[in-house]
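Labels run A, B and C following the written order; every chain starts at residue 1.
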Amino acid sequence: MTNSEVLIEAKQLIKRYGDFTAVAGIDFQVRKGESFGFLGPNGAGKSTTMRIIAATLTRSGGEITILGKDPEKFGPEIKAHLGVVPQMDNLDNALTVEENLYIYGRYFGLSKAFIRPKIEELLDFAQLVEKRSVKVEALSGGMKRRLTIARALVSEPEILMLDEPTTGLDPQARHILWDRLFRLKEQGVTLLITTHYMDEAEQLCDRLMVMDKGSIMAEDSPAGLIKSYSTKEVLEVRFGSDRNAVVAPQLKELCERIEVLPDRILMYADDGEELLHQLNQKGLHPLTSLVRRSSLEDVFLRLTGRTLID
Amino acid sequence: MILDNAVAIAQSRRGHFAEGSYAGRAHVLMERSLMAFKNSAWLAVLSGFFEPVLYLLSFGYGLGHLIGKIPLQNGHVVTYAAYIAPGLLATSAMNGAIYDSTWNVFWKLKFDRIYQGMLQTSLGSVDVALGEIGWALLRGFAYAIGFMCVVVPAGLITNWWAIMAIPAAVLIAFGFASIGMAITSCFTTFQQMDFINVAMLPMFLFSGSFYPLTVYPGYLQGILKALPLWQAIEMVRDFTLGIVTWGILWHVLYFVVMVIFGVTATAKRLTKLFLR
Amino acid sequence: MAPRQGSLKLVNTERIKSRGAFAVVEARVMIFMKYLPALLSVAVANPFLYLLAVGVGVGKLINAHSGGVDGVKYLTFLAPALLATAAIQNALDEVVFPTLEGFKWNKSFFAINATPISGKQIANGVLLAAMTRVLFSVTVYGTIIYLFHGFTTARGWLAIPTALAAGAAFGAFIMGLAAWTKNDDTFLMVLNRFVIMPLFLFSGTFYQLSSMPIYLRWVGWLSPLWHSTELGRYLTYGHQISPWMFVFHISYIVAMFAFGMRFAHRQFEARLSR
């Protein structure tokens, strides 16, 4: 996969809103057929970056090419290959479910003959067959989300961009979407995803880019990130909301790294059981304890959480 | 691939007008407007037709009794209803165009985010602008015809030149719609948009739809004559009352300049308008 | 952090029952204080421009041709009607938009209703807040009319409360409709073009209702604007109305207010629990 064609390439990409810098000079590449994820806390600049790639926001500096073209010069040509699911739904409230899919296809210049059967397929995928003639205003939040996703597929795009696609979806709809995305990936579609769900990122993405305050903190495969930024196991302990902070200094000496969260303390070590044993020997008896494997969540905390600030 | 079509269209436009922001498919926006129109907007559109008719009925009939006939510059006298009818046509063309190009655009941009949806596709910002202006013109055209269907049977029109009031109304709508878009592209908040209403009211009241400017002192007349609505009303009035001279061309020129200026300014600011 | 007291201690349910509407008024006033400069300038500019354009402009033609209307100069005749129009228009603006916003655009009424404040209290609060703004605008309007010599006697000032009453009556009723509608765009359009505009044009605002053909006069009879205008004309320049009609005009407005409030209360409660 590494030698395949580069579809998206950003160099020192910058976006400012007035005096505020939302994206502070980032570099990245996305290759054909890859599934690329953006992770980062609220306000990191993920959606901003996505919108620049989607040619719906102009950059303030740096270079970016999508399919080898500059979005500012070749907007329509680039967008012809993109399917975009923005963070906030922007369905056409004046139209029905079906009409939304139809007119969106027309925006791409697709023929009616192509769109008609496509609508059926997408209604089915979005589980909105019964709602086809309903105005989108009358849909529930999750239904709107599903329709927005279905709409992005109407033109069978080469690159599918999903900004927090599963926010608001029920578990079933989420799994249907994941399944669909897997299949699209198998067919060679390139996926760009932002999400706050670590399981989703782990499941769907070949490569992740962790952003914070407009900059890139790390970039690797999910497994690679865990390996570089966390230990094998994590011990989670609770001492009650008043005592957590008090015992923290003592815990710090027992392991590589700790993370004090408002409700619990995470202790990083390669052997969690062993650590718990040591804890008990020292007479520090947590109210609850849990040993688990490290996950992306831990990487995220490490890269964007408090440890970086102090 | 399915997308060959979209790409082919986009590529065929390379090197043409507004490449990069125009995909040559503004007409699909009109298709969208038509769909929205069928769903519910028809009532709104229809109601726009009633506005001038109700004004005509109320003012023409009720005030007509009190005012009597109005003398024109060429020495003829006309009934009050015949005097205000062209003013109402021009005013409704203006109102419709301004509403469509300012509040309506602003609303779709800020709240419904419909344009964001369109711009995710292979449409460019010029497509969106042209499509919306196109729809506004179509509406202006329909209103003008509708209004004529009322005033002709009412006996307020007596000459064939009046038919020219229809294209005149479309030109007026074009002028105001393109300026309206240009203004909207500069505004970002609701409070700023309110300035539009603030500016429209005095123009509506003082541009001579309801009485000749001669009630004012000379210097004030000069200022009022520079306003686009006065130009619009005079142009339509000259046609409906059949006072056709070469002088009409000045009004036409005024609006052609307005269109050119508005479209150019809008095109310049489109990125600001749609891609901010 | 202060020790937790708990809502049982903090929230006084009895007090909310009696004064909850004022919290809504406070919220509304907080919002429109942000637009104070705009409100001020509209409140002054609107009457000024209308009086100048229609009162003076059209007035010149009418005074020249018919020597005025109803025995007085056209501006004197028109002023009380414009006053009542302003009261109604302002009241509608200030109830319709907050109501649509509260139920539909940002759903803030549902948030308020999640506190102990009831639907009725929200309705009362919205109307009360609206009327404070209307009172302000109408007073400014009245003063400008006075400066234009629209009326000369002290009795003329009484046209302000009659205009205000019409605003409250119609405002209450329309507020109920705004709470009832599901389709905000269409509602606004219908309200503006099929309700407000015909009322404005056919309520004897610009000329006596009696000069309309009989088959159009019913609009005026139904219209709170006409009733308020008749009272206003009586008060400002002594327009002739019989004592019976005087009582009838007042009763019509009061009845509309009573009915409007009940209707609004029902719609608010229904919408909040739908």
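In this text, contacts are C-beta pairs under 8 Å (C-beta built on N, C-alpha and C of every residue); 3 or more make two chains touch, one makes a residue touch a chain.
Computed from a prediction, not measured in an experiment: that's the story for all the values here.
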Labels of chains that are neighbours to chain A and to chain C = B
Chain whose averaged C-alpha position falls nearest the assembly-wide average = B
Note: chain C sits from chain A at a C-alpha centroid distance in Å of 51
Between chain C and chain B, distance of the C-alpha-averaged centres to the nearest whole Å | 31
Between the Cα centroids of chain A and chain B the separation in whole angstrom comes to 45
Hunt down the residues of chain A that sit against at least two other chains at once, touch-wise.
-> none
Junction residues of chain B - those touching two or more other chains | 40-41
Which residues of chain B touch chain C in their complex?
-> 40-41, 43-44, 47-48, 50-51, 54-55, 57-59, 61-63, 65-68, 70, 191, 194, 198, 201-202, 205-206, 210-211, 215-216
Mind pulling up the chain A residues that touch chain B in the complex?
-> 54-58, 72-77, 79-82, 84, 86, 88, 90-96, 99, 103-104, 106-111, 114, 135, 152, 155-158
Residues of chain B that touch chain A when the two form their complex = 1-3, 5-7, 9-11, 13-14, 19-23, 25, 28, 31-32, 35-36, 39-41, 112-114, 116-125, 271, 275-276
Given the complex with chain B, which residues does chain C contribute to the contact?
-> 35, 38, 41-42, 45-46, 49-50, 52-54, 56-58, 60-62, 65-66, 69, 74, 183, 185-186, 189-190, 192-194, 197-198, 201-202, 206-207, 211-213, 216
